[in-house]
Amino acid sequence: MNGDRVTKALLFISSLIILLLSAGIVLSLTGGAIPAFKEYGLGFITSTVWNPTSGSEEYGAMPFIAGTVITSVLALIICIPMAFSTSLFIAEYYRGTRTAGILRSLVDLLAGIPSIVYGFWGFYALRPLLIRTGLTDQGFGVFTASLVLAIMIVPYATSLSTEIISMVPAELKEAAFSLGATRREVIFSVVIPSARSGIVASFILALGRALGETMAVTMLIGNANLIPKGLFSPGNTMASVIANQFGEADGLKMSALIAIGLLLFLITALVNAAGKLIIKRFA
Amino acid sequence: MSDTLNSEPVIKIENLFIAYEPGRYAVNDVSAVIKRNSITAIMGPSGCGKSTLLRALNRLHELYPDIETKGEILLDGQSIFSMSVIDLRRKVGMVFQRPNPFPNMTIYENVVAGFSLNDIRLKKSQRDEIVENALKSVTLWDEVKEFLYRKGTFLSGGQQQRLCVARAIAFNPEVLLLDEPTSSLDPIATSKIEDLLVELKKQYTIVLVTHNMSQAARISDESMFMYLGELVEAGRTETLFTNPKDTRTEAYLTGKFG
Amino acid sequence: MKIELKDNIKRRNRTNGRFRYFIIAGAAVTVIPIFLIVGNLALKGYRQINIAFFTEPAPDTFQAMTAASSGEVIPGGIANGLTGSLLMVLAASLLAIPLGLMTGIYLYENREKRYAGIIRSLTEILQGVPSIILGIIAYIWVVKNITRGYSALAGSVALTIMMLPLIIRSTEETMLMIPTTIREAAFALGVPYYKMIYKILIPVSFSGLATGVLLALSRILGETAPLMLTALGSPAISFDITKPVSAVPLLIWDFYNDPNMVNLVWSASLFLMVFVLSMNLLSRRIASKRKYI
């Protein structure tokens, strides 16, 4: 009996760690960010100034918020057709075949490649290609970063969508077929409407992943602390400005960076929560 | 029931073989004839191939990519394998074991689903007419006419199944295939469907796979008994039941195996 | 009721066929990057991989420059990164595996309680936190307050926080797959609760748990961002947890910033990628050979 009580206590205590961690993270981030907010008020969020020269320091988060949102959304847009066709391939057209199995494994491999390797590959292999197309002269910028980001989030979007699509009951599809619909018609009139919320949720979760991506984006976005002017212009994201400037920061600048971290944390948590909520409610 | 001049064959099955894997035949050299405006019941123990045979009649069995088919099936003299599968399925409709109205469509939309899925544009008045006629034919009209624009999932199992029949006959097919349509329904709903089928056979030709011998005895005109993929015996229901020619048929009918 | 039929069958079949090609093309485009990346890394990276690669620490920029200009293999390797990664991953595992396991078991055993639901939701949120933020946290907690300076400990803490949610979730999911009859049989034999956990629950789910741990490990091995703010990097091969230390991804970052070291980056990246992918494949093999009913 004693052994039981000890065990149960131990298990309970270890679960407390999660509580402590979560609370600790929120507290530390908020605490570290307060100096910046005290100095600049809530306008910090919308200000586009980023001037670290001592004597006239002023910091604002907007360039980075813009950079993060733009690259992530663009990455999602690029990723959607790829993920969509891949999940339909695996879950519908070639369902159960070896090819589908191989495809699935290949896509999973994409998820295993470390972010820094993506960034590096993007830098040395993708950039020259893009420079050759003439659309950009240095190769850094929103588009390059978003393109690599899209490749990185494809596995997340695909795996969940595939699961949802394969859960559509066979009898519904058979009923549609027996009425004379072609495969494509069955997909658009029965499969997709049934799986719609799950598919949307998987894309939202992929977006959540893209928002927090650091290394690959840092290496490709050009690190310009302003709102990007165009598709191929450089910019910066919340994660990459932290990665780049945290090391030598202190005082107000560090607080500004932590504040940006807090904002990133909140945005990511919200997006992920939204995705999970949709799954729970509708799928 | 009656055998009038309308008992010419609608469907002729000639030496049909269907295999899911090479060498293992789910349907083994079956030849049979389905007569117009009759109810033909296909019976047999689990795994005898009756569902496979039924699905071959609207080529739904082709959804399995590795399937091998040999032999011929003629609909009104034309091979169903040489006609467009879309065309075939407009002439041969199907109702499944578990009611499956499309959950993302209203009752109204479910009935005309055949048309919308086939990308056939109709005027609202035409659609209204089709919906009313189909639902009246399955005696569902009075029960749902107030709720046409609600999704069908609130209906009872029996009502949902009648909705599926309405969906299948909205097209005015020649043949209606039913795969154990009452096995998931309660006795009252079952008898409603059985009465419906007897009424419908005046207009359509009905092929019914059933696990329930007494159902076959109650409503079918012709019966087919299958065992291990073979068509053991076929003929008028009364004759089959009272005077089976094959010992296997007799054993099945007397409950020696199910 | 006349219905116009024939005309649209051909068109619909054509659309159907075309859509199918679109799907196949889309799927093909999706996997092309894998071949490109792996191919590029393999082609450009194999040259630097030799024994020295694994046993010697990173060269300095001068050595690299002289080697590069004469077209030779750059001397040195990634040994300091290997030892650093090893140190931090070990430390993180020591913390995260037991904690994660126990929390996972707690969640499994107390599934209905509201408290468990809260913990589960928090775990999910934690899993979604960007790794760089965990780097900030480890900086605040460890670098500023504990070790007063960059250290391997700080890096380990960040990695631990990353591993925890993964292990917790996979533990709970694995255990959910055990049929309840096994637990009931154990209790029916009079086995006390704590024995049931470590004599039955854990051994039976072992391969699932191992898979979860392997996946968590493969996830953190490739992480760079949090380490930049915590472990910082160091040219020395050291096992001192209170001092800065390097790691394989950090080395890649250092090499990347130095144009002379390009060749080393390819090799280091190749190594890292192969290692991480092998762990992935290994965990998948274990998962597919699972034997419990």
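Residue numbering begins at 1 within each chain, and the chains themselves are lettered A, B and C in the order written.
By definition in this document, contacts are C-beta pairs under 8 Å (C-beta built on N, C-alpha and C of every residue); 3 or more make two chains touch, one makes a residue touch a chain.
These numbers were taken from a predicted model, which means no experiment stands behind them.
Annotation: A-C is the more contact-rich of the chain pairs B-C and A-C, by number of C-beta pairs in contact.
Placing every chain at the mean of its C-alpha atoms, the farthest one from chain C is found to be B. Remark: the per-chain Cα centre closest to the mean position of all protein Cα atoms belongs to A. One simple way to say how far apart two chains are is to compare their mean CA positions; for chain A and chain B this gives 50 Å. Rounded to a whole number, the gap between the C-alpha centres of chain B and chain C is 54 angstrom. Separating the CA-averaged centres of chain A and chain C is a span of 16 Å. With touch defined as above, residues shared between interfaces to two or more other chains in chain C number as follows: 12-13. Counting partner chains per residue, chain B shows two or more touched chains at residues 86-87, 90, 118-119, 171.
Chain A has residues 182, 185 in contact with two or more other chains. The residues of chain A lying in touch with chain C in their complex are 1, 3-4, 6-8, 10-12, 14-15, 17-19, 21-22, 24-25, 28-29, 32, 81-86, 88-90, 93, 103, 105-110, 112-118, 120-121, 123-125, 151, 154, 158, 182-185, 208-209, 211-215, 219, 239, 242-243, 246-247, 257-258, 261, 264-265, 268-269, 272-273, 276.
Residue ranges of chain A in contact with chain B, taken from their complex: 97, 169, 171-172, 174-182, 185-186, 189-190, 193-194.
Remark: chain B residues 58, 60, 63, 65, 85-87, 89-90, 93-94, 96-98, 100, 102-104, 113-114, 116-119, 164, 167-168, 171 touch chain A in the complex.
Of all the residues in chain B, the ones that touch chain C in their complex are 84, 86-87, 90, 115, 118-120, 126, 129-130, 171-172. Contacts from chain C toward chain B in the complex involve residues 1, 3-5, 8-9, 12-13.
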